[in-house]
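By letter and in written order, the chains are A, B, C and D; residue numbering begins at 1 in each of them.
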Amino acid sequence: MSQPSRPVRIGIVGAGIRGSLFARSISQHPDATVVAICDRAEALARALAVEHDARSFTDHRELLAAGLELDALVVATPDFAHRDVAVDAAQAGLHLLIEKPLATTTDDARAITDAVERAGVKCVVGFENRWNPRFVAAKELIDAGSLGTVLTQVAHLHDTVFVPTEMLSWAGRSSPAWFLMPHTLDLLLWLTGKQVVSVYATGVKQHLVGRGVDTWDSVDASLTFTDGTTATLHSAWVLPVSHPAVYDLRVELVGTESALRIQGADQGVHLFSDQLRWAQWGTFVKDGRLQGFPVEMAVSFIDHLLGRITDIPGLADGLVVTRVISAIDRSLASGQPEPVADPA
Amino acid sequence: MSQPSRPVRIGIVGAGIRGSLFARSISQHPDATVVAICDRAEALARALAVEHDARSFTDHRELLAAGLELDALVVATPDFAHRDVAVDAAQAGLHLLIEKPLATTTDDARAITDAVERAGVKCVVGFENRWNPRFVAAKELIDAGSLGTVLTQVAHLHDTVFVPTEMLSWAGRSSPAWFLMPHTLDLLLWLTGKQVVSVYATGVKQHLVGRGVDTWDSVDASLTFTDGTTATLHSAWVLPVSHPAVYDLRVELVGTESALRIQGADQGVHLFSDQLRWAQWGTFVKDGRLQGFPVEMAVSFIDHLLGRITDIPGLADGLVVTRVISAIDRSLASGQPEPVADPA
Amino acid sequence: MSQPSRPVRIGIVGAGIRGSLFARSISQHPDATVVAICDRAEALARALAVEHDARSFTDHRELLAAGLELDALVVATPDFAHRDVAVDAAQAGLHLLIEKPLATTTDDARAITDAVERAGVKCVVGFENRWNPRFVAAKELIDAGSLGTVLTQVAHLHDTVFVPTEMLSWAGRSSPAWFLMPHTLDLLLWLTGKQVVSVYATGVKQHLVGRGVDTWDSVDASLTFTDGTTATLHSAWVLPVSHPAVYDLRVELVGTESALRIQGADQGVHLFSDQLRWAQWGTFVKDGRLQGFPVEMAVSFIDHLLGRITDIPGLADGLVVTRVISAIDRSLASGQPEPVADPA
Amino acid sequence: MSQPSRPVRIGIVGAGIRGSLFARSISQHPDATVVAICDRAEALARALAVEHDARSFTDHRELLAAGLELDALVVATPDFAHRDVAVDAAQAGLHLLIEKPLATTTDDARAITDAVERAGVKCVVGFENRWNPRFVAAKELIDAGSLGTVLTQVAHLHDTVFVPTEMLSWAGRSSPAWFLMPHTLDLLLWLTGKQVVSVYATGVKQHLVGRGVDTWDSVDASLTFTDGTTATLHSAWVLPVSHPAVYDLRVELVGTESALRIQGADQGVHLFSDQLRWAQWGTFVKDGRLQGFPVEMAVSFIDHLLGRITDIPGLADGLVVTRVISAIDRSLASGQPEPVADPA
């Protein structure tokens, strides 16, 4: 359908930072409407529901059972809590937008994949950096052959220590690998179309443990691709809070014809205030409209539901990221290189 | 009107780089349609018209007389050729989007202003950097008081020598002051709300003259504001073509509380190819949609016509820029500081 | 003389940051020795004298009369207090190393020049950035013709507000023009060999006055050279202390063949500590030796006294800087462009 | 000895880029003299010998047998050709300055170590970046505790493809690991004092093989230290020649208290000529003196021979680098993590 007879009706599970972002992005889209908000924190759910003139729930099953004529569901729960919501929604026949990572175990990823495939619904995985203009530009250059054959890649994605110690209540159930690497891993795979055959990972577990959060401070992962080329992922979430942005994102690719560097956190607006700060506008408001690349992702999700676009990160992309990061986890435990399990 | 009964009908005069951009931005807006394209170069006009299923003209008066039920006209002719088109369109009752600068003489600016005011139409001047996320972020910081009182400002906007020698056929009728400073001057005024009381300018006229283009290589202008603070504008269009972008844009403000630096050309994607290039995405295509801040300006223009937003650069902004740059021109000629003529 | 029969005997007037630097630089030179230290603050003088096994004084005339067989004197008193020391030393037949600026009035500069010329002694003015590797590299590129004809130049040299409010007791008797521009002005003149014919300056006097220091917050000066090309100097000493270095130094030149940018404060070592800091090594100690470009200047001064080198900034350089900055002062007062007084 | 009775007499084996640099650095030192130059290319040896008023040889054994009363020998032969020269010189009782890496096999390193220890001579290994002001500043910060405990490190050192394809005749006998990683590996070890317990390395061998040079394009090595922390080394020598410097050097450390970034190639002087170039001044001439950190290394070597300094990279440092890089080679071959062989 190109011109919908009625707005696409969407529910959102998870009313935190990401859920709020999706709610606003969808609400301002002329062809979509937010119908329901669900969060275990009732006040959060209610507040966001009021803002968007939607109904609120604290259990996603009630939401699914409420007869709301939903078309699609956004899954914006914590990383490790995607499975039940996604599976139940797929079984209810709803299309899905699931935040990255798809899941934090191959089992969960497989369960979601099975449910989606059985139900025949659409499923988009929220690798938002595919809409980030920096990486859109990079992808265009690579697709145009500007780099020749990509020989080696390095991607840094770090967070300041604020994230695992203050922002996230569930950092101890996650890690730099699960929280940060889905972004960079998906980017490298998307940019180059390569496939990982094995990984080797090292990590440090000292500082956060001492601060009461039982997880890795940093993880480094060496990737070998099927074509014999390599990549390395670096992720630490113990940067000092004086880093001018809460995150640090840098990707570099060396090809036979040229090399490419992408700086993702320094956006060129520097405020020398009590500390140096880099202004960020992943999302920003101009003329009353929320703008920015995560908003574009929500727009593309809706356009995808309406059949207007087809090139969008889906289950296969979510699954491969989960498989590779699971292998990174295994390598951290074994101290050995680990093959990436075959999808079959 | 918030939901238009029919799409806003828009004509475009000037089918060059900017006219094409506006045509595509308008065409993909759900509430607007491109009805007519006009360019003295008939082939250009026709090609763009075909692309947008519009009628083509080579004289704007014929376009205005063609009974097309137009609501608005975009004026994307060369800098010095805005007056006749704008005045005629205003007299025909059309709303206007005029590319920056409004005009290159105070007389022209005044004539357009008079026509618009008499006709009671809306007029937006295309200072697109007000939609540039970098400057949106800067404006937000300044409005929030992060800088305290702004004491002094410096803005650089340069082009490589490609622009006056190859890109523009009419560089000899323009200058770094008229072609480049409208961007930076409007930005400084918009960001801080200050008013220029006098200017002093120096310039160099050596290199381009020797290459057959009779204009200034560079212009530097010292501005004094009514509150006793200062700013300097630097614009040269003789940068070597090895500069990694065709332009160089940097703005810095020093306030009593903090300082702010905005880098406008280095967007963080660096291609080390035969030369180092900085990827640019003023506009870019993603999922089949043209995106970027100039597109957002076109969207806001349409929203403004539909009464949805009111804060948009208008005639007063265009007029002040023209008055200040005219004073810069006078100072270049006199070698003395020049007052900025009173609007009265 | 190429191999001195005895070490060059040097006295130092001014035992602050700069005097201490010169004392150590001279002491570690195999062909020179520090014989006397003078400072109105007796404790300062004595401490530095003890460190270098020299005699201490509180009045430079006593130092000169003490029969120390001095060859040369270093003048490291505050900017405005060079004249008496320099004139008396020249009359006593001593060679001179005078900190930049030579003087803060044309009268003072003239008096020193007269005394030096009458006495036939050597006089070096301490424009240390001529030894800064960045500018040595820049000079080499320019001399090799890499830029073609230099068309326009911009130099920024700022300090954080720490300098006029805490570091200097005599900021109220100085200004960004006198304290900062001697560096950048000398650099531009040295790099390009151009001569200033007139200047126009604007300034802001608001913030520091409010903090009890009666001086300019910032000064901007437009320079016109005899060859019709231009330069602009920007100096403010109200940068927030969060600037990662106490100073900000950037020089850019646009030539007919290429352009050159020199970043002087960001030296590539960034510490993300409680704040972001850029490590500085104007001088640093390695293997027990003080190193860095100010040390090299002291070495060159001694080599100059020993006849080993002749290309070194002298009185003429000091005088022209004083004349141009005096004209900047006049322009700040008159609001008009001011000619640079003829040296005759 | 603090004041030598006669200049230290030094011979140099290898009259290429590095040999010439050492010759000039030694010649301009007041306490040292270049007595002999040796290179298998007779013309090279003779030219450099003439320049320094020294004798020339084509075989290092003839040089050692020539009765020149040498105190020390500089070994500046290709990476893989250090052993015979160093062992013979040590047996002749000469002190040694050996270019990094000490050797390219653990066997060679061991042979040199044995010879040096038996002869009781001094041996410095030329890890020149320990004199690079950037890393001197970094070391000072780390030693002062500014970083707290260092948790993880990443070091990039790359070369453009010019180096293996044009500059070096013997690239096929070397690799990014042997040619580049000695610099970064020594830096990380020196900066933090950590010890490597095991390594895992991946590499790409595609592009240079196709260009007729049988070696790795790039190598990535994961290091695990005895204290459980990690580091990664990235070295590729296939960067496009448009990279603004022939090399790219970046080091980053994340500590519990702060993080540190060191940029080694962008020195802040950018020439936008036919291509963007970053001016380099590892060494440069000012006032007729060769200056720069490699010169300072030569000065420190002489000072070390004269007993003035003791903290200088020696055999133990050279040996550990050779052992770790040998383990990297083994890991490249085995595809497994490899322990770093015990020194015993």
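One rule holds in what follows: a residue touches a chain if its C-beta (ideal position, glycine included) is under 8 Å from a C-beta of that chain, and two chains touch if they have at least 3 such contacts.
Owing to the predicted nature of the structure, the values given are computational and were not obtained by experimental measurement.
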{"item": "Neighbouring chains shared between chain C and chain D, ordered by label", "value": "A, B"}
{"item": "Most distant chain from chain C by Cα centroid", "value": "A"}
{"item": "Euclidean distance of C-alpha centroids - chain A vs chain B, Å", "value": "37"}
{"item": "Centre distance in Å when chain B and chain C are each reduced to the mean of their C-alpha atoms", "value": "43"}
{"item": "Separation of chain A from chain C, taking each centre as the mean of its C-alpha atoms, in whole Å", "value": "54"}
{"item": "Contacts with 2+ other chains: residues of chain B", "value": "239-240, 242-243, 257-259, 272-274"}
{"item": "List of chain B residues in touch with chain D within their complex", "value": "239-240, 242-244, 272-276"}
{"item": "Complex interface listing, chain C residues touching chain D", "value": "30, 131, 133-134, 136-138, 140-141, 146, 257-264, 266-274, 279-281, 284, 286-288, 291-292, 296, 300, 303, 308-309, 311-312"}
{"item": "Complex contacts: residues of chain D adjacent to chain A", "value": "149, 151-152, 154, 156, 158, 200, 202-207, 217-218, 220, 222, 224, 228-230, 232, 234, 236, 238-240, 242-243, 254, 256-259, 335-337"}
